[in-house]
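Remarks on the structure that follows.
A, B and C are the chain letters, set down in written order, and residue numbers restart from 1 in every chain.
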Amino acid sequence: MNDNLRSRLLKDILFKGIIGFFAFISLLPLFLILYYITKNGIAVINWDFLTSLPRPIGETGGGVFNAIIGTLMLIVLSGALSIPCGILAGIYLAENSTGKLGNSIRLCVIVLQGTPSIVIGIIAYLWIVIPLKGFSAFSGGVALAIMMLPVIIKTTEETLKLVPYHLKEASLALGVPYYRTMLKVILPSGMSGILTGILLSVARITGETAPLLFTAFGNQFMNVNIFKPIDSLPYRIFYYAMSPYPEWHSFAWGASFILVVLTLSLNLVSRGISAKWKTRF
Amino acid sequence: MENTVLTVKDFSASFGDHKILHKINLRVEKNIVAALMGPSGCGKTTLIRCVNRMHELIPGATISGKMYLLDEDIYAMQPIILRRKIGMVFQKPNPFPTMSIYENVVAGYKLNGIRMPRSEMDGIVERSLRDAALWDEVKNNLHRKGTFLSGGQQQRLCIARALAMNPEMILFDEPTSALDPKSTAQIEELFVELKKTVTMLLVTHNIAQAARVSDVTAFIYLGELIEFGPTEKMFTVPKDKRTEEYLTGKFG
Amino acid sequence: MSGGFIVVLFLGILVTLFANSVPSIRQSGIFFFAAKTWDTASGTFGALPFLAGTLITSFLALLISIPFSIAISLFLGEYYREGPISAFLRSSVEILAGIPSVIYGLWGLFLLMPVIRFVETKIGVAPQGVGILTSSLILAVMIIPFSASIGREVITLVPGDLKEAAYSLGATRFEVVKNIVVPYARSGIIAGILLALGRAIGETMAVTMLIGNSNFLPTSIFSPANTMASVIANEFAEATGITAASLIYLALVLFFVTMIVNIVGTYVIQKLSIEASREVT
């Protein structure tokens, strides 16, 4: 009996150790990635890098200014397209927790969220690029907007479901019309949750490349016309990384650093908002 | 004292800074039902959870003082050995949903990695289920999962599970508070039979139940043992004023 | 009124499905997936190489990632639910999930590929560095956060009183995990793995950068290859006519596969959460 006991206790400790070991080993890639991005990226970053345009190979210098602007523009574009739709859809789902339409929408949201980004890129290509006869920032924005929708809808629905019913009742009982109740009473109390959802979806699409490969397409030059191809940080990283020129490789690291900083800050801010501004009922 | 199963000496327990039990002293003899009663939050549940060292599973839990099972210092033993000698039945019946009735009864052996020939195991299952007054109702369904049983039957299954380990003592943490009156009565009848084989420590907030089934009762209030003695005597002529107030429903 | 927008959204998804069926023109049957030559020049399009590429990389990545993600799930869901270590691991895993795909690709290209190349020279295989093994490794790292966080959630859902009952019978922690926690959470863990699989199947950028872009059937783990997603990424931008339609056909299949995997996985998890909340009452 004593041997059995000892081996059981041993197994217990061993298992815990193995679990801890594997859990922390999986963090190794993370630290390696962050380390190399910082090491290689910071070396390249300077004011010039941030504010100038790419130069053809052979010339020294150059930067990713157009990519930065492009990414920002795409964020604004896709946000403008997806946020209103997403919030409205989320409101509908929160108000109608049962019912066939609601459930079908929820199903579609699940499907959409799991759809590979490249497939969405193809959709945007078929819907926008072909009719408009060319690559454009707009098509990229549409693709990214489709990707943002599921997250926004889900967080909006969940946040609004937490708002107590009596709040809405009180407003309606005062004779306030439905849309105003939603706009002025319900939405503001769920604002932190909704904002969190928006920021998270923005963080998600900021780093997306695949849907842009044949929509926004990338552009060597500066462009603010949304109906023309536009550059973006992820695209530029891809382009530079796959090129044979070492100088461009180091630019890729630099751009990666900027991208990672951007994505992580968005995540942090959204986390901060959800912690600090949470409305208590 | 050969007749004493559980000895508690100057025992205190806390969760971090929050002290729950203050210097409890009591002795429980063999083959009786000892009831622990008191208002909610008085520490009675914490007390029995200290007996089988479940209390210490919660981070920040500390104890001081001594407890002895027969002659062994409870807090010097290996917890997993101790818990085989002391069984526990919980407030909400909790048979393991992924196991059949048969497997549930011998779960203690299976979890501890103790192997035995099938015939021996069959014997244990039948004996335990008979002692828990459940055998006739489930003997044809031993290999079905226990979730189809009623609340009262599930609780008796949990009792069988505890009995299968042949413990010295079984701790009951408000075992009937989640059950309907009929099941409650069945289990209370069971107690009378069971105490012939095991010693039972019963936490209850139902004063009438304590009066019905227990031989001795401890009244605990705000973490202190106020009074401890033969049930009939305590209920008719309580020594402490607080006991009297509790029994007459003035609080808790 | 918001119903209007939702219907548009819903229709949009349907239209998506129909737009994708444009390649059904090309539907020279399902034999599309049995044929193994993909040659744009001669006009023959067999998708077997890509199907093989996708399946092999995804399942290999899944296998590699499973021990790590289960370890993380158990670590965070059972052993260290709160406290600084837990918070640290949890945040790190979230950051791991938030790193853009193209950056994984970049890192893999310059840091993993030389390592694999070294291994290949040691073994005596053609030292390309890219191929199925490399992309599977990166893919494994990328999908760990998904199955890990779902696994963690379902493990925390295991009712405390079941574990207590097991402890009270004298079981060690390892025995409680092995006999009570894991069986109870089993379907949820599998669902998490399923969702991770869906993610792996659709993952594009990192794979594209590390798989070597070969349209031939892979012969070994070190062969360069292509997945359905990566061949689309590589060839779609300049594809026309039948080539484009075939690529869209691939996208259609990707869409359906990920759709099914995601619906099944989400359904299982929802069922588990509903059951768990019912237990509490």
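Methods note: contacts are C-beta pairs under 8 Å (C-beta built on N, C-alpha and C of every residue); 3 or more make two chains touch, one makes a residue touch a chain.
Here the structure is a predicted model, which is why all the values come from computation and not from measurement.
Two chain pairs, A-C and B-C, are compared here, and A-C has more C-beta pairs in contact (counted per touch definition above). Closest chain to the protein centre (all Cα atoms averaged), using per-chain Cα means: C. Mean C-alpha positions place chain A and chain B at a centre distance of 54 Å.
Chain centres here are Cα means. That of chain A falls 18 Å from that of chain C. Chain geometry summary: the mean Cα position of chain B and that of chain C are 49 Å apart. Residue positions of chain B touching 2 or more other chains: 80-81, 112-113. Multi-chain contact residues of chain C (touching two or more other chains): 172, 175. Taken residue by residue, chain A touches two or more other chains at 8-9, whereas all remaining positions touch fewer.
Chain A makes touch with chain C in their complex at residues 8-9, 11-12, 15-16, 18-27, 29-30, 32-33, 36-37, 85, 88-89, 91-92, 101, 104-105, 107-108, 110-119, 122-123, 125-127, 149, 179, 203-204, 206-210, 213-214, 217, 234, 237-238, 241-242, 249, 252-253, 256, 259-260, 263-264, 267.
Taken together, the chain C residues at the contact with chain A in this complex read 1-3, 5-7, 9-10, 13, 16, 19-20, 22, 67-69, 71-72, 74-76, 79, 89, 92-96, 98-107, 109-111, 141, 144, 148, 172-175, 177, 195, 198-199, 201-205, 209, 229, 232-233, 236-237, 247-248, 251, 254-255, 258-259, 261-263, 266. Those residues of chain C lying in contact with chain B across their complex are 159, 161-162, 164-172, 175-176, 179-180, 183-184.
Remark: chain A residues 4-5, 8-9 touch chain B in the complex.
In the complex of the two chains, the chain B residues touching chain A come out as 78, 80-81, 112-114.
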